[in-house]
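One chain, subunit A, links the two complexes that follow: it is found with subunit B in the first and with subunit C in the second.
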Partner chain A sequence: MTAPMPLLAVEALTKHFPSGTRDKPVRALDGVTFTVRRGETFGLVGESGCGKSTCARTIIRLYQPTDGRIRLDGTDITSLSQRQLRPFRRRMQMIFQDPYASLNARMTVRDIVAEPLAVHESALPKAEVTERVELALSQVGLSREHLLRYAHEFSGGQRQRIGIARALILHPELILCDEPISALDVSIQAQIVNLLRQLQEDLDLTYVFIAHDLSMVRYMADRVGVMYLGQLVEVADAPALYSHPLHPYTQGLLASVPVPDPAADLVARPPAIEGDVPSPIDPPSGCRFRTRCPLARPICGEASPALTDTGDGHEVACHLYGGPGQSPDHPSTTTTSDHQNHLGGNPT
Partner chain B sequence: MTATGPTTPLERAPVAEAPLLSVNDLHVTFRGRSGQDSRNSVYAVRGVSFGLGRGDTVGLVGESGSGKSVTALSLVGLLPDTADVTARAITLADEPITGLSPKAMRALRGRRLAMVFQDPMTSLNPLMPIGRQVAEMLTTHERGLSRAERRQRVIDLLADVRIPEPDKRYKSFPHEFSGGMRQRVMIAMAMALRPEVLIADEPTTALDVTIQDQILRLMRRLQRESGTSILLITHDLGVVASLCSRVLVMYAGLILEEAPVDQLFARPLHPYTLGLLGSLPSARADTDEPLQSIPGQPPDMTNPPPGCPFVDRCQHARARCQTHRPPYYSVGAGHRSLCWLLDPAAPADGNPFAGVTATALAETAEKVSP
Partner chain C sequence: MNATQSLPPDVGWEPIPTGAHAAAVAPRPGRSFWQDVWYRFRQKKLALGGGACLLLIAVLAIAGPSLTGYSYSAQQSSLANVPPWLALAKLPQSDDLFYINPHLKVIEVTPDGRLVRQVTQTGDDMVNKRMSFDLDGATLYLDYSAQPPALLDPDGQRVPATSHHWNTSYLLGTDALGRDILTRTLYGCRISLAVAVVAALVNMVIGIVYGGVSGYAGGMIDVSLMRVVDIISTIPLTLYVILIKVVLGSGGFLSIVIALSSVYWVDMARVVRGQALSLKGQEFVLAARTIGAGPGAILKRHIVPNAMGPILVTATMLIPSAIFIEAFLSFIGIGIAPPMASLGTMCNDALTTLRASPYQLLIPAAAICVIMFAFNFVGDGLRDALDPKLRQRP
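This part shows the complex of A and B:
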């Protein structure tokens, strides 16, 4: 059985930043491993500072990884020079969170959207550039009349459309979406999410979709990775993750999402997770979640649990699932039912 | 619409007694750059009325630019000088709080009306230890405490919002606190004088979900202990459902719908509310269906439409909606909606609210606002 080659494979990817404290780097990303299949949406969720944006920026090599491997369609691009990287860069593009900061205020929409062409297809005649820009704009629901306007003339949702058009113009295979809807209003979020799904279908795109809105990720993603303090704690198909979260952190995270249903009494359920995220400069030994974990045991402080497949590709990094003989502690039967996370359940 | 008799919003509130905080026909206009030139003015709030009962938590929901924060800031008198605020009446415990001198307003703020803002980092002074900032609240409003008493009060307040080791944290600076802890400090300051009304403007928007969960629980507990009424401004319908008993849905400077929270989710009676609920992914189990996005975008508030402000994005809009602002229709206790579809004369064909019994509240009809 040979599985088709994943479009993106990330192996033990690590990115440390200097912290100002000597010898103690900020461990923003610490040994993250996952694969993204062609045509799927891989969701990456977690709280601020968990390393999800660093992960995307390291994959696209905006940051030079400290350690680990990045493979795009089988080719190791981890240590390619900027020049060698170019043909791969055009195959993966990025959409940023802040549609206000990510568009140059002094450039027209035409120039913003055409800029990747100037880098990657500089020989293209002007008429063709305009044609390509118009095509990209029409794909995101904007039109020719917007070409000569400036970013400030557009609303947040429209700016995000411009950012998407810029990402599309090189006909990429993989788009890294870093919180593409977080800065937008609810009704506009739905427009952008629908657009991204439509584009995926029309253009065979593969997405890494980063967001902290768990319900939006459930809606968008085929598979989801949950990050905590620079590490992946759980990876699973979206329906499985939301209906049977295995890691205590995933369970708590899902239980913290306020339910848009007044019948779900806030006080009736136990507080999801106490305390704050520890510093990534000095993360806890062993399992990094143990300081907030209601089920932590001595072993959690001693050894770092590895991401292990529990079956059906549902991977979890937790000592509760460490091996045979430990099933009585299996928390999915107890904690999940306590939390009653509303995002779960089988879609029917 | 012909007036058949005055019906104030107060009479429609589900609480029998007069509400603690009552806002009647609030308008806020930001004057344009060119002084008298009304073309540059922003009509941010265009006739907002509501009541907040004692011990009640009311959610004010809306998208950015809908006027919800401006409404809140006008209540505490924190709008800039470029804002023209007018209202028929704003009362706190039956006393008018409009037109107060800056001194009287300052006395009111903190002691009776407190506010928590979205971003706890910019609301705290980065150069002053946390404890001193909370103590400042007490020095301003509660003179006569000795230093030791004041320090103890602050430590108690910090402990009350579950800041770990409050006596040690007294000397910490804001940058040493996480976002959630800073928001706890802001809440401690707001609740320090046991105000009658707490206005919380997106208090958890900048926070992660697990921290948001903690803060919402904290607010709920403090409210139960102190009986403070809360006006909670948010864009998150999940937060509203968790904390509020009533909801005001605001759009383009107007309240489009007001309802008890269970009614709003079970039986929304404004196309905008329907659209908002439809754009929530968690409401849709079948993930292959596209989200019901609301097309278009909110109107330009320098030139708000004369009729219904939602008309350009509403799939049920008719000619009348373009030209005439609808009155409020009462559709049950504490439930009103600003929509022509509820008019008894509205066509039933394709009307999502066909069959709903509604009565127009005459007083609100045809209010002339720019």
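This part shows the complex of A and C:
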């Protein structure tokens, strides 16, 4: 099988932060491996603090990875200096979570959106800069009237559009969306998500879409990775993941999504995950989820399960699916898919 | 058109002329950041007054000394200790009036307040407490047996100093050495403003760059840079001035300038460092980094503009305090060296004659107050004007 080269390949990416008082580091990201194909949307979901944002920030090299490899279109950018990175920065941009904090309050919209040009194409004449800015603004649904306003004069949704325009102006191939909608109203979320989809279609973009809203990810993503405590526990095509979640954590996560139909709530659901996320400074041995897993076995505490393909590119890191002799004897696959049908397919 | 015709005649509505529509849609030209700052600054009357006051002082301090007709050092000891507001005695034998200064010198003054000369003293009868003066061949007596001292008319009667006039020769009077206080005050303002400029420059350049680099770089660079700041700030400025004065051999103004520029930026560096530390984690700085902007560009474009509020607040506290430090150092005698005039040295000079000639202290002290108030008002106004979160479109 000669698959085309993935646009982004992340191999065993690890990021540890010093934890201040203790000698042990905070294992924010521990051996994350996934690939993103050109033109697709890769969703990354998980609880708060599971390392989603760290993953995005490490990929774009805001953080220096502790270990692992990041390949952009085949080129290893893991250990490039900031200067060497600059040509690659043009090709990947980021959209941030908080539209209020991600725009400089002292700059006009024109200057904010033009900043990438000032860095990468500083020789561009002023008129052309304005033209490019106007184009980028029109792509996100803002007009040239807004050029000379300041960010605080806009609503959250408009600010997020400005942030998207800033990410678009260099014509990047890959955009890392770090929870781009979680700070917005629900009605605005739909607008922004549809804008992102429209842009993907028009400009042939590839997204890494981070969110904790599972139904939004289902709507956006072609493939989804589920993160838990700095590790990927399951990666699958979005329909497969939502209809047949394999990992107990994914099942619990999907079960925790509120269902709009009260009658559906009466149907038996797998037990919701209990307890808190363990500290990433001192993660459990073996499988990190075993402390909260309803199906934990002795082996889960001994060996860390690797991400293995169970067929059709559906990868899962769980001892339930580990050995070839082991049949997936998991009981809850059907029950989950029952109520999963109620999950929002189209948020508009 | 049908719609307009169907309107009742006195409803108060009128159809818009067709051309007006385009004008209403055309984008209003936005204001730049500094236009905005200026717009908000203008709303603050006190700040505007302070700014005008500073401008006036600056113009006077630069141009003034050449207009007064006196130099700051020229002494006219015969006309020493003459106040700006003269109490004059009119004698029948002369058209001119006479002013008796606190040291019992008699000064002849024209009716329009111009000082003519000091009348020559010929004798002093200490028993009768009576001095004699030679006025164009005639003898003039001054009786100081009673307070206040008074001249005697030809009949031997005391002539009270009842008529008053402004001193038109020396608008603010003369000091104990007969130097024009107006000229010296203007020179003193010049020095104060020069110190303010030096302090502002040092703070705005060294303080911001040093603090910004320290805060944004973080880690070991931050720790070592801040230890240097700690060391500098533990040694009092007075000591630096004395040491620099010793090293230079002379000094005065130069030693104050060197001392200020070498150590006066530490407070600003601390403030800017704190701001840089808190700002560098903000998403807009992260966004700039993902774009690929270098540290210099991020400091210039993102961190310093967003820290401008605290920077200006600090600067408005530091500039008046630098002015005050200079005045204080000059006052205690280790600042500006005589005959150069500084507001501080003038205050010190005035102390010896404080009871007899309080104006010699009040005038430079008032000048210090006005300058410091003006800087404070301007600073407050600037701080409010620079915060765009208060910005409201009219």
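Observations, loosely collected:
By our rule, the second predicted complex is superposed on the first by the 320 of 348 C-alpha atoms of A that agree within 3 Å, B and C clash if a C-alpha of one lies under 4 Å from a C-alpha of the other, contacts with A are read in each partner's own complex, and residues count from 1 in each chain.
Rule of thumb we're sticking to: a contact is a pair of C-beta atoms (placed from the backbone, for glycine too) under 8 Å apart; a residue touches a chain by one contact, two chains touch by 3 or more.
Bear in mind the structure is a predicted one, so any value in this text is a computation, not a measurement.
Clash-free side-by-side placement of subunit B and subunit C is the outcome of superposition onto subunit A. Between subunit B and subunit C, B contacts the larger number of subunit A residues.
Of the two partner chains placed by superposition, only subunit C is touched by A:Q82; subunit B is not.
In the superposition on chain A, A:L103 makes contact with subunit C only, not with subunit B. In the superposed pair of complexes, A:V226 makes contact with neither subunit B nor subunit C. With both structures placed on the common chain, the touch criterion links A:L13 to neither subunit B nor subunit C. Applying the stated contact rule after C-alpha superposition, one finds that A:V193 touches subunit B and leaves subunit C untouched.
In the superposition on chain A, contact of A:A114 is made with neither subunit B nor subunit C. When both complexes are overlaid on chain A, the residue A:R57 reaches subunit C alone and has no touch with subunit B.
Of the two partner chains placed by the overlay, neither subunit B nor subunit C lies in contact with A:L320. Aligning both complexes on chain A leaves subunit B and subunit C separated at their closest CA atoms by 12 Å. Within the complex, the subunit A residues that touch subunit C are 57, 60, 62, 82, 85-86, 89-90, 93-94, 96-98, 101-108, 115-116, 118-120, 144-145, 147-150, 152-153, 163, 166. Against subunit A, the residues of subunit C that register as touching in their complex are 27-33, 282-284, 286-294, 297, 301-302, 305-306, 308, 388-389, 391, 393. By the touch rule above, subunit B contacts subunit A in their complex via residues 63-64, 178-181, 208-214, 216-217, 220, 235-243, 261-262, 265, 275-287, 290-295, 297.
The touching residues of subunit A, when paired with subunit B in their complex, are 47-48, 155-158, 185-191, 193-194, 197-198, 212, 214-216, 218-219, 238, 252-253, 255-264, 266-267, 271-274, 276-277, 342-343, 345, 347-348.
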